[in-house]
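Consider the two complexes below, in which chain A is the common component and chain B and chain C are the respective partners.
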Partner chain A sequence: MLTVLVADDTSTDRMILESLVRQLGYITVPASNGLEAIAFYQQYQPDIVLMDVLMPEMDGLEAARSIKKLAGENFVPILFLTSLSDTESLVACLDAGGDDFIPKPYNKPILQAKINAFGRMRELQTTLLQQRDQIRLNNNTLLQEQAVAKKVFDNVAGKGCLDDPNIRFHLSSQAIFNGDVLVAAHRPNGNLMLLLGDFTGHGLPAAIGSMPLATAFYGMVSKGFSLQDILREINHKLKTLLPPGIFCCASLLEVDYQVQQVKVWNGGLPSGVLYRGVSGEVELLSSQSLPLGIMGNDRLNSQCRYFDISATDRIYLWTDGIHEARSFDGEMFGEARLLEVFRHGSDVKANQIFDRILEAVHEHVGSDVFDDDLSLVEISLASPPEPTDDQDVGARGDQGLIEWSMSFEIKPPTFLHFDPLPLLMTVISDVPGLRGKSAQVYTVLAELYSNALEHGLLQLDSSLKNDAEGFAEYYRLRKRRLEQLTEGFIRFTLAHSVNGDEGVLRLTLEDSGEGFDHHNKLRETGEKDFSGRGIALVTTLCASLTYEGNGNIVKAVFTWKD
Partner chain B sequence: MAISSEMTPNGAMLKIEVSGRFDFSSHHDFRKTYEELDSKPESFLVDMKNATYLDSSALGMLLLLRDYAGGDESNIEITNCSPDIRKILTISNFEQLFAIN
Partner chain C sequence: MTQFTSLDESVIDTLREIMGQEFNDLIQAYRIDCQTRISALKQELSEDNCDGVRRAAHSLKGSSGNVGASHMQELCLALETSAKNEDLSSAPEMIANIESEYQNIESDLNVITRN
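Moving on to the complex of A and B:
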């Protein structure tokens, strides 16, 4: 029910007015001058004020000004009661904050209709204010929730190697969480793996999808899973967890510093760029697959492209925020302008491209209204970062796995879909002291396993891998022969012991293949040629490496000291 | 942005026309075109003749329509795409999911 303040110094006038208002079903509060009107306004918080202009103590105009001031953003209609009709007086009433006039003597129907009309306005405005406050509250809550989600995500995402000196990135600051995700980590063999993703939408739905992506990525990269395995796992997770309509455009790449090759997969992101430092040429890393999280793994094209790289090459990835950055008149930045930055090969030094791209976008958009929604990553392929031993190397001692051996054999069709290395690395990482050497142990295991599988069981010729084209061909053959493989085995035997401050890990791999003439090959050409670069590396890491049987058994001894 | 739709007289195909920017602001209108139908049509035609731009949330909306229309069994054609729109659909390899021409 509305409360109406009636301020008039003539008591009869006031009583008549009060009775008219009460007939409408409203409550009245009488005041006999301006000062009282202000006091009662504060005390009773009326919805509407009826105010005589001429009153003792304080007149209506001054009281109106004070009440409007006290009301602040609340709308309190003030209707002046007046017998005056000259323009100047009426204007003064409105200037003082009045909203309308009620002429004396009172016309009952008009008076009541006006009070009702202002009552409706007052209610409307009250509702608006309440809704505005509710929206403001909801928005603050939403922002707080997003900030919490972002914090959790940063904790998950931040444990990677994004601070490597060869990675530079710029991530949007537009929203708290704009749906762009960047994660990077080293595989146990030292290869760099990096994923740039762009979820549909902004805010919480995007943040929610980023969590399983980042946890799967970091969990799997550190255990040595392959790029394809990681892709499939993330795709499966997102497809299962996210509703249809939310998905992730992404590019995933692996840099192999030893072989000087990069492996790239792109599903739905705009083409990235492989910049050739020597020639200044540009190769596009275009999308060849559906984005992640749309279809099941049976429909995911996980095929990658391989590129030979040299130390002066750089890779650039971005999300569509760069392409879609709009100038003042709505024109998008677009791919052409982006690629133009790379064409100024002679003017722009390679290490300035990253900054030049950002500058070009800023120039296009106009610096004063730059609401930045873009993500940009640069990976320079110069040299592998210094290997950092795990910080949490357990104190060497008598805790955990010390004296042990295990044997593990796999047979078809397990080779096709199962990578035994992550499983073995889980055991290795439980050995105190050896945990810090897991990168070396992984390299040894990985090289010996791929030799046993690819040369022993599948009889592949490693000389195919001498160029990028042959490399792809090699892996096509590998896949086909794996699918056709129906018999054979590879047996791992691992034995670990500690003697004083020295630990010894003995690795034996036996495969059911034909082997090779290891006596002659070793004599004639040295070990480098018969199984490629990998074995040379293994030899440097191990105390000894010997072949037995028909060359189908290889024994490596890996020693370590504190 | 404007979304309009029209059902063929026999109720077999729903034609959805998108004009202007096709982005998150069209979300509600786009879904309304098919969610409020009495019966599900056999096929859908999304006409992009007057669409100027399409963002990733629009791709999401197309996926929602595909899901509604029966997923792998759906019959959805996207037609009259401008080169820019065509490019966005191609980057995401949506021709694997929709008939685009």
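Moving on to the complex of A and C:
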């Protein structure tokens, strides 16, 4: 119910007014001068004030000014009661904060209609203020929640290797709420794997997909899953988790520093750039697939492009934030301006391209307050720094898998589609003493497994790989024989034991193949050729490497010391 | 049907309708108001206070309007205007007229409250 303050020094006026107001169902508070009006305003917080202009003690104008000041942002309508009709007097009322006039003598229908109208306005404004406060509160809550969400995401994403000296990137501080996500990590074999993604939309719906993407990426890369496996897993996760209409444009690439090759998949992101440091030429890494999270895995095109690289090459990836950065008159930055940065050739040194791109966008947008929605990443393809051990060591001391052994056998047609190494690496990564050595263990396992499969089961001749033509033939044969393989097995036996601060991992791989003359063959391995490199490397990583049986059993002993 | 000398009967009827049970209180308030203002007028006049005279005349004019005492309103307006112009020369006579008009009103009011 509304409360109406009636301020008039003439008692009959006041009584008549009060009576009229009460007939509307409102509560009245009488005041006989300006000072009383102010005091009662503070005491009763009325919704509407009816105020006589000429009053003793303090006149209505001054009282109105005080009440408006006290009301602050609350709307308290003040209606002046007046028999004055000259413009000057009326303007003075308005200047004092008056909202309307009620002429004397009172006309009942008009007076009641005005009070009702201002009553409705007052209620409307009160609702408005409440809703505004609610929105403000909600917004604060939202910002707090976003900060928490960002913290969680940073915890997930913080495990990566984005601080590698080979990687430079620029992301808006609110990137995950722009839907942009950048993750990078090393595979156990030392390859760099990096994904730049751009989810459709903004805010929480865009951010929400980043979590499963990042956890899948980091979980799988560290266990040695292949790029395709990771791609398919992320695609599957996003397709299953996200509602239709939310998907992720992404580029995923793997840099193999040993073979000097980069493998790139792009689904829906603007073309990236492979910059040739020596010639200054540019190759576009264009999108050849649909974004992640749209199609089921059966229809996902996971085909990659391969590029040979040298140490002076660089790769640039970006989201469409750069292309769509608008100048003052609305013109977008666009791909042409972006590629122009690379064409300056000798003007711009390779190590300045990154900064130059950002500068060019800033110049184009031309505003001091730069609404930053840009994601840009540069990967320099120089050899990576020596991998540090213990990239991700949980503080579990000697409480994990310590004394154990396992045997694991796979048979056709499992070989065709399943890579047993990530599974084994999952076990290895639970061994405290081995966690920092997973790269080495992976290398050993990978080499022994591929030998057992390709030479043991598939009977492929590694000498084929000595020239490029043979290389291709080798892989053609590998594929065909794998498809035809109907029997045979490869058995892994892993045993681990600890003695004080030292440990031993014994790996045995047995295959059902014919074996080879290991007494002579082992020493023939050339130094540089691809086929020999593996075993030579394995020998240096292991305390011992021995062949038994017909050469179809290989035993590697891998030791570690704290 | 009563004949009023100084009050407007239709205004009184409307007031009765608006005020309901408080009608007599209002009439009583008007009486007190008139008496208060008239003695205020005399007081202000004796102090030669134009503004005081103007305020009292303005108030009496307003409350008289409420009961339809139109002649009283005219008398008050004339006094208010003079006081505004800082001319109190005819004020004693005007106040005397106001006082005698109040006597007429008073007899009308007595009729009203007796009913």
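Structural remarks
Definition applied: the second predicted complex is superposed on the first by the 416 of 562 C-alpha atoms of A that agree within 3 Å, B and C clash if a C-alpha of one lies under 4 Å from a C-alpha of the other, contacts with A are read in each partner's own complex, and residues count from 1 in each chain.
Here, a residue touches a chain if its C-beta (ideal position, glycine included) is under 8 Å from a C-beta of that chain, and two chains touch if they have at least 3 such contacts.
From a predicted model like this one, the values you see are computed outputs, not experimental measurements.
In the superposition on chain A, A:P109 makes contact with neither chain B nor chain C. Contacts of A:G72 after superposition: neither chain B nor chain C is touched.
In the superposition on chain A, contact is made by A:L20 with chain C only, not with chain B.
Counting the residues of chain A that each partner touches, chain B and chain C differ, and the larger count belongs to B. In the superposition on chain A, contact is made by A:G268 with chain B only, not with chain C. In the superposed model, A:P244 makes contact with chain B only, not with chain C.
Contact with chain C, but none with chain B, is seen for A:S11 once the two complexes are overlaid on the shared chain.
Common to the chain B and chain C interfaces on chain A is no residue. Considering their complex, residues 9-13, 15-16, 19-20, 23, 54, 56, 83, 104-105, 108 of chain A touch chain C. Interface of chain B with chain A (complex): residues 24, 55-57, 59-61, 63-64, 66-67, 90-94, 96-97.
Only residues 198, 200-201, 244-247, 249, 267-271, 286-291, 294-295, 299, 301, 320, 324 of chain A touch chain B when the two sit together in their complex. For chain C in complex with chain A, the touching residues are 14-15, 18-20, 22, 25-26, 29-30, 32-33, 55, 58-59, 61-63, 65-67.
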